[in-house]
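Next come two complexes, and both contain chain A; in the first it sits with chain B, in the second with chain C.
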Partner chain A sequence: MGFWLELAASGLITGGIYAVVALGLNLQYGLMRIMNISHGEFLMLGAYLTWLAHTVFGINPVAFLPVVAIVLFLTGLAVYRLCFRRITRTSPSVEIIEARSLLVGFGLMYLVQNAAYLIWGADLRGYSFLADAVVIGDARFAGNSLLAFGFAVAASLAMLAVLRWTMLGKAIRAMMQSPAGAQLVGIDTAFLHPAVFGAGLALAGVAGALLSMVYEITPGMGEPYTVTALIVITLGGLGSAAGCLAGGLLLGLVEAFGMHFTSPSLKMLLSYAVFIAVLLARPKGLFAR
Partner chain B sequence: MRRTLLKAAVAAALGAASALAGVTPASAQDAPVRIGYAIARTGPWAAGAQITQEPNYIMWAEQVNAAGGLNVKGKKRKVELIGLDDRSEAETMVRSYEKLMASDKVDLILPPWGTGANFAVMPLIQKYGYPMIAPTATGRKLLGMKNPYFFAILQQPDLMMDALGEFLKARNIKTAAMIHVDELFGLEQAAALEKSFKEKGIQIIEKKSYPLGVKDLKPVLNDIKAKNPDAFVALSYPPDTFLVTAQAREIAFNPKAFYASVGTAFPVYRDKMGPAIEGVMGLGTLNPKSSPAAKAYFDAHTARHKKEPDRWASAHAWAALQVMQQAIAKVGLDRKALRDAIAGGEFDTVIGKVRFRNGENIATPGVVSQWQGKEFEVVWPPDRATAPALHPKPAWK
Partner chain C sequence: MTLREILGAIAAGALVLAALPWLASDFMLSLALTCLMYIGLAVTWAMFSGATNYLSLATSAFFGIGAYVTAWGFGTLPYALVVALGGLAAAAFASLVGAGILHLRGAYFAVLTFGLGELVRHAITYSEKTYAHTVGRVLQDAPESTAVYWTVLLIATAAVAACAAVRASRLGLALAGIGADEERAQTLGVNTRRAKIAGFALAAFFAGALGAAVAVRWTYIEPASVFNPFIGFQTVLIAMIGGAQTLAGPIVSAVVFSLLTELLRLQFPYAYLIVLGFLLIVLVLYLPGGLASLISRWRQARA
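After this line comes the complex of A and B, so read on.
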């Protein structure tokens, strides 16, 4: 019995990491239909900032999380202003926002990734932090993975609460449904739109900071995470905070049990099988309304 | 930026060029020796290529030019590197080499990074007749192509796995569990390991493969831990080498011998894992304690690039350049003659004597290295060892 619990817990924790990766993109694509394909690159920036702060200045990575969030939030405002404001203003429909932002996102991806190559080179980087195991019952988990898992759950619940029960959340949802209508009832979309985009980037940065404690980092690390994020938010239902968490956890569980019963080499096959099955049953994702 | 640095180094070297006994110094009229290559500076191959390979090319060209130039059969000529980014794409890499050889007509080429990339460029070097000494290609499949222009200076899988088998047998290891990455590298190493362990009477009680880019191997490691093997061997690539180490430590899976593959020799492995890696073994060839030449190489690399080379293939990359340099001194730049000189000669390099038979370096033995303190000590074979082995592996710190 303990063995199965441990297997499930291990899957959930990896799933938590997938959910963390997807949180930011869920805001940008899920809520605003800005297909920011450079999501993983900003995650990478968060990872490098944390690595720099820790290895050069000796700053505690957890204490540095708010700094990463603020820096990436401001970067998000700037990126929005430079790249996405025009798109959202001039596109006649959300489908066109999606298509146009995809192209801009590709450009950003190359720009940010290659800038990182120029600055830090292609070498692997990493540091050891909270790698000691935390013993829960008979099971043992690395502290840094638990932290990422905790953050995924907390951030998802917070996002869920904000979207569902606060005026701010209502405003964001209204803006999504009808930008013009939202403006008419007095919602400051000129502020809210960039702010939500910035929050998405901030979440990407924090995810990167958390991942840098668990895995080693390179300037090219972002791309696979963008793919993971897209799968998770599609699985969960675009824009749904609970869905993002559930999607991530489901993927983690499938992988853990799949690995035990078959072979890790079948990981992709199993993940995509679940993905396809969910989309066949619920084309808009698990938690779509 | 690198090109500018290179030019600055060339200019400085020109100023300081002095005649060495019996060798004519390079003069302004002599065209430089143009040496081309394509290697990953961006993309997934870049981490390996930039730790192990390209830094050596740059340092070599600078050192040669600072010494007055490359000795081409008694005449000194400057070296000009033409390095291209292959963006970790086999297609871009092959096209770049085709351009370098067919239209730029460079004098020589240097190899790309990795088994797959070398495999892809092999038909071209035979077509255009460019000798290539590969420091990051392992696999019988490559040597099996019997390409007369291809030389593998890195130890082949059977040598490395045999060394591990001998080491473990000498320590009375009876059972082992093995996982390997689903790539040509992992498959070849796994086949070699199974053969060697069978001969040595070590029973493999669990064997699993996994895909590159995996983010969690804990379920597999937990299964293996339950079976309690004497030894654990991961035939892994860098990201998973880090992953299995961290996760084995996480679940306190501490077999008598713990071995992981590519990446254990990287200095960043030590930096990322901290003191936890005490006693972890892996693929290596040497360290600064191996010889004065090795020490000089490590010092020069650290001074030039502000980072240490890795303790396995980096030195092979440097040795490949030394082999080429010595062969050029003897026969010049005629590529057919150069190929014959490389194939038939014996060379003194940073990794010791190098001699090729059917394209394979047969002078360098299989080696087992082990982290002890801050150094990746050579622990097998005994005549190359820089420290006694730590066995059984101490508990994870």
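After this line comes the complex of A and C, so read on.
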């Protein structure tokens, strides 16, 4: 019994991280059709910032979370201003925005990832933080992964609440539904676009910071998370924040149980199988009505 | 230029290049081989993705499949047959996958094709470990470097000629129509599904054949090196920078970038990729039609 609980919990823990990463990407893609394929690279930046703060300055990683969020939010504003604003303004159609932003994302990916290799090298980095086991019932968990899970779910729920109940969230949802209509009722896109893009990167950074508490980090760590995030978005439905959370947790569970019954080296195959199956059977997401 | 003139020019160029093994040093020959490989990859990528605007990042998957056909078949089968089989295997894989995913547009298609390389890589790693109990394979008795060079030259020439022929054919028009407006093309009676699969598989054939031909240069083949996403990325970059809507653009930029890569990548691996990434961003932002659009812009300005 304890074993199954541990397995399910480990799936939910990775799933929680998936949800946060996917939520950030979903905001950018759902709102502006910016397919930011370099999303995972900013997750990696968040992880390295936390690692630096902890090993060089001895700052508690949890206390550093807000700093990571703010730094990446500002990075997001800059990246949006330098790269994506021009694309959204000069592209004649939504499809061209998608294609061009994808290419720019690839450029960013290579830029950021290799800059990280140049600065920090290809070695695995890590630090020990709350690594003691916590026993709940007859299952044992690492303290840091429980903490990461808690924060991941909290971040997703906070984002959900903002989207659902605040004026800002209402404006964002309106823009997701109809960009032109939202502008007609006086929603300020010039302000919202960069802000939402920044918020997406901030979420990626927080996810990276949480990951750095649990796993070792490398400059190439972000790429798989970008692909996973896309799978989660497909599962949960485009532009749906609640779907992201549910899809992330679901994918985490599928991976954990799938790897247990087959082999850990098949993890990628499993995620892709889920991705392709959902795209073929329910292209609007599992929870679409 | 008419199709016949273009094909004549291609044949003339290929004949001149065929004499290179007697003129150039081994190092020059290996540089030329890399150039030819990227010419083949970039023009066939542009033939499908440039025309249809379906951004395929599956080049490294096709290339790796071809390389693995060599890893499995070389030694028991003759080199030429292995190369042909590599192309056919990649084309078969592309038509199978294409039938499933070519109705997806935009980012989904791009990301899914990007993942294909990873997917095939993991599948091969897994099956080699479980069934063959190896991680990589050692190739023995590789053919002479001149034979490899002529084979790659032949494939690259065939690729350029095929692209020129496709551009002038019904298939090429159908692909361009899909790129301009897929629904309109459908309404006008184009079987878009069949055209897309045909174009995708043709591009995959050349990528697979090139992978199979080039693989004998490496004495040791392992999934991590042959499914290198860099090959796919570089291909897209070359085609985009040259101008993916043209035939000559990707050829010229393939030569420039292969030379740059060979000369700079070993010395400054990370810095080189940073510069590539930066170039791609600047190019997409300020010159989305590629360098070829500069020339046509200049012609318009003169006219």
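The rule is short, and it goes like this: the second predicted complex is superposed on the first by the 249 of 289 C-alpha atoms of A that agree within 3 Å, B and C clash if a C-alpha of one lies under 4 Å from a C-alpha of the other, contacts with A are read in each partner's own complex, and residues count from 1 in each chain.
Criterion: contacts are C-beta pairs under 8 Å (C-beta built on N, C-alpha and C of every residue); 3 or more make two chains touch, one makes a residue touch a chain.
Keep in mind it's a predicted model, so treat the numbers as computed, not measured.
J.: Look at A:Val71 in the shared chain and tell me whether it touches chain B only, chain C only, both, or neither; answer first, second, both or neither.
T.: Touch status of A:Val71: no partner.
J.: According to the stated criteria, A:Gly220 is in contact with first (chain B), second (chain C), both, or neither; which is it?
T.: first
J.: On the A-aligned overlay, A:Ile59 touches which partner chain: chain B = first, chain C = second, or both, or neither?
T.: A:Ile59 contacts neither chain B nor chain C.
J.: Scan A:Asn114 for contacts with chain B and chain C and give back first, second, both or neither.
T.: After superposing on A, A:Asn114 lies in contact with both chain B and chain C.
J.: Touch test for A:Val162: chain B only (first), chain C only (second), both, or neither?
T.: Neither chain B nor chain C is touched by A:Val162.
J.: So, does A:Asp123 touch the first partner chain B, the second partner chain C, both, or neither?
T.: After superposition on chain A, A:Asp123 lies in contact with chain B alone.
J.: For A:Met268, is the partner it touches chain B (first), chain C (second), both, or none of the two (neither)?
T.: So A:Met268 meets both chain B and chain C here.
J.: Where on chain A do the contacts from chain B and from chain C line up?
T.: 113-114, 117, 263, 265, 268
J.: Of all residues in chain C, which touch chain A in the complex?
T.: 53, 55, 100-101, 104-108, 110-112, 114-115, 118-119, 122-123, 125-126, 129, 233, 236, 240, 269-271, 273-274, 276-281, 284-285, 288
J.: In the complex of these two chains, what residues of chain A are touching chain B?
T.: Residue list for chain A touching chain B: 3, 6-7, 10-11, 14, 17, 113-114, 117, 121-128, 131, 133, 140-142, 145, 214-216, 218-220, 224, 252, 255-257, 259-260, 263-265, 267-268.
J.: Which part of chain A faces chain C closely enough to touch in the complex?
T.: Those residues of chain A that touch chain C are 29, 35, 37, 83, 86-87, 95, 98-100, 102-104, 106-115, 117-118, 227, 230, 234, 263, 265-266, 268-269, 272, 275-276, 279-280, 283.
J.: Within the complex, which stretch of chain B touches chain A?
T.: Its residues touching chain A are 40-44, 46-47, 49-51, 88, 179, 182, 208-211, 213-220, 222-223, 226, 238-239, 242-243, 246-247, 249-252, 263, 266, 268, 271-274, 276, 307.
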